[in-house]
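My structure is below; once you've seen it, I'll send some questions.
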Amino acid sequence: MLYVTRREVFSASHRLHNPKLDDNENRSIYGKCNNQYGHGHNYILEVVIAGETDPKTGYLIDIKCLKEIILRNVIDKVDHKHLNYEVDFLKGIIPTTENLAVAIWKELKDKITSGRLFSVKLYETENNYVEYKGE
Amino acid sequence: MLYVTRREVFSASHRLHNPKLDDNENRSIYGKCNNQYGHGHNYILEVVIAGETDPKTGYLIDIKCLKEIILRNVIDKVDHKHLNYEVDFLKGIIPTTENLAVAIWKELKDKITSGRLFSVKLYETENNYVEYKGE
Amino acid sequence: MLYVTRREVFSASHRLHNPKLDDNENRSIYGKCNNQYGHGHNYILEVVIAGETDPKTGYLIDIKCLKEIILRNVIDKVDHKHLNYEVDFLKGIIPTTENLAVAIWKELKDKITSGRLFSVKLYETENNYVEYKGE
Amino acid sequence: MLYVTRREVFSASHRLHNPKLDDNENRSIYGKCNNQYGHGHNYILEVVIAGETDPKTGYLIDIKCLKEIILRNVIDKVDHKHLNYEVDFLKGIIPTTENLAVAIWKELKDKITSGRLFSVKLYETENNYVEYKGE
Amino acid sequence: MLYVTRREVFSASHRLHNPKLDDNENRSIYGKCNNQYGHGHNYILEVVIAGETDPKTGYLIDIKCLKEIILRNVIDKVDHKHLNYEVDFLKGIIPTTENLAVAIWKELKDKITSGRLFSVKLYETENNYVEYKGE
Amino acid sequence: MLYVTRREVFSASHRLHNPKLDDNENRSIYGKCNNQYGHGHNYILEVVIAGETDPKTGYLIDIKCLKEIILRNVIDKVDHKHLNYEVDFLKGIIPTTENLAVAIWKELKDKITSGRLFSVKLYETENNYVEYKGE
């Protein structure tokens, strides 16, 4: 069993806000992350694929293909966007790093053409990151 | 002559948009950075102080003081903010990295308590950064 | 299952020395790390919490709380200290990276307010690090 | 159970080419990586050892010994070399990152003097890496 | 005066060898870098442009344009290539980091569409790099 | 004019304390850095050499030689040492990063065999560093 990782970067803004709660509760839970105009990050996304190596190519998955899959299904949809308002696959989701990692997992899960999706790791900053390996 | 550098990090969102130009022109100049909801970054700020070492302390400037000056005058005002709408010292400024570096320079210039401000370096991403050393 | 990681940094000095062994044996085991005056490192600590996301907040654990728990229970006790002489929870422990990781695990294990402690990763330098996931 | 990691770096060139396939097929699979003169990388190798700490030393494995084992068995053989032509333990192997990680695992597996080899992680670039944990 | 930096990465192989010297002399000067099959690196290139900000755009130079200029004139010609045999603008040049930096400077000097080329910084590894600012 | 940089790393401990001042004054100036047992860092040292390229070799300075000069004159004397008590060239010096950079400059200045010493850059942590370019 081998694990192949591809790292991509995107820039986005978000606001942590639960519309089911009132303003005071939102402020007390999210603090400055609840700021109404949002704030932003350079997110780093690491996608890990698990599987066997194809003896003909020596690849588990062609990294150019993996890159294309990540760009088309995730990066193109979130880069330079506001994650609360502009991303179809994030509709109705509070854009915490936890929820983003799970949503990205769901976007990628059935698109991997060789091997299987093993984990999604998402860095909000160099000090905070989340990893999701599926249910 | 010695140069002391302090690095701080902040997260913010911005939109590149010149209100004096029409929408087409803005889109053609700024591309996806003109996206109306804005997008965001983890900015890295490096502030460089030039001067002589005080023989009594061995410091050019106490790094704790320098950190305090940067936090109070810059980071506290921009972290987790939208740079187009919420920052007094950026009013009327298109928040390109170039303009941000110059504006931060002006904020800090007269606040340095030991030595003098030598340069401000601002990373928008790991691949793009701007340095400003004053007029 | 999600994994949330928080990274913190501290600076400390230590000396590798087993008081039950004589000086020759200590020098032959630890080499220059046995130097009597000690030497130091900028340690990087990564604390990983495993658990489920709270649907109300979208958080597994509020990263500000996790940061506070790590600062109060670990960083405040070890930062700018000599690990052989000044840290209560390291009394009687040879401060190798292995032993430090286990000791930090024990300090944090019962303090996590949401989810459970999954692993402690401690970098002594950019080239050497240890991970501990409990017994 | 503890995990100790040592990181080493080497520079090498390689060409992705399967001699059993014709030129067109090679070009279509490997693209610019099939370039006949080869190209190169600064590879980063992380070797992870799993085991218990020796109470006498506080070490799972002496990091100086682990470094020596990695240098003698891997780095000395691949650093500043062409991986297709000059490395005994890579004879007959298409030098994809996947195959390199497995080959390095086999080189190291029986040479570890304390604990056991847990994983080999090989970075081809900062954006692409492979991990292998044995069959 | 402002300085804008763009960072790009390429992978290439090279061999340090002066054809005017005999084999012994080459081996004694270049050591393992003289290895006949070559070896390779992930080079990091930083290109710095100096100039004034255009008040209309807030840009010294549009970073997308700068990226295009670097890709077309340098990266496309050297990425996944052998620097001794396959790069027109390196013909007859011993591909030391020093010589590469100067050659890249010459390639870029007259292609900058806004501001002027201030410096070229080339990292061979994370530990070695060269900067060139023109004659 | 070219600039060649070599990066080396060392681990050391130090205590910020001016023996000419009393304990209260020392504590008020240096805070937790005055802790009597000292604390430590992984210092990163960058040494920059300026000069012309030798047309015969394509080198300004052979990086292996530069590495040797830095190891013999600096790293071997400070790595795994207490900077207040064990380093000849730091006798009588308060080991702030400022003073260390100047002292390392003096150690290296006359030892450079090709080109001339241009600057010494010393990182105490990833957030704080000092550069010295001579009087």
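Quick notes on this one:
In order of appearance the chains are A, B, C, D, E and F, and numbering begins at 1 in each one.
The working rule: a residue touches a chain if its C-beta (ideal position, glycine included) is under 8 Å from a C-beta of that chain, and two chains touch if they have at least 3 such contacts.
Just so it is clear, the structure is predicted and the values come from calculations on it, not from any experiment.
Listed here as common contacts of chain D and chain F: C, E. Among the other chains, D has the CA centre that is most remote from the centre of chain B. By residue number, over half of the touching pairs seen at A-C are also found at E-F, the match among A-B, D-E or E-F.
In summary, the pair chain E and chain F forms a contact in which the copies contribute largely different residue numbers, shared numbers making up under half of all those used. The mean-CA centres of chain C and chain F are about 28 angstrom from one another, to the nearest whole unit. With centres taken as mean Cα positions, chain D sits 41 Å from chain B.
Counting only residues that touch two or more partner chains, chain D has 126. Across the whole structure, chains are in contact as follows: A-B, A-C, A-D, B-E, B-F, C-D, C-F, D-E, E-F. On chain C, the positions that touch chain F within their shared complex are 9, 11-14, 32-33, 35, 37-42, 79-82, 85-86, 125-126. Residues 1-8, 53, 56-60, 62-64 of chain A touch chain D in their complex. The residues of chain B lying in touch with chain E in their complex are 16, 18, 20-21, 29-31, 93-99, 101-102, 126-133, 135.
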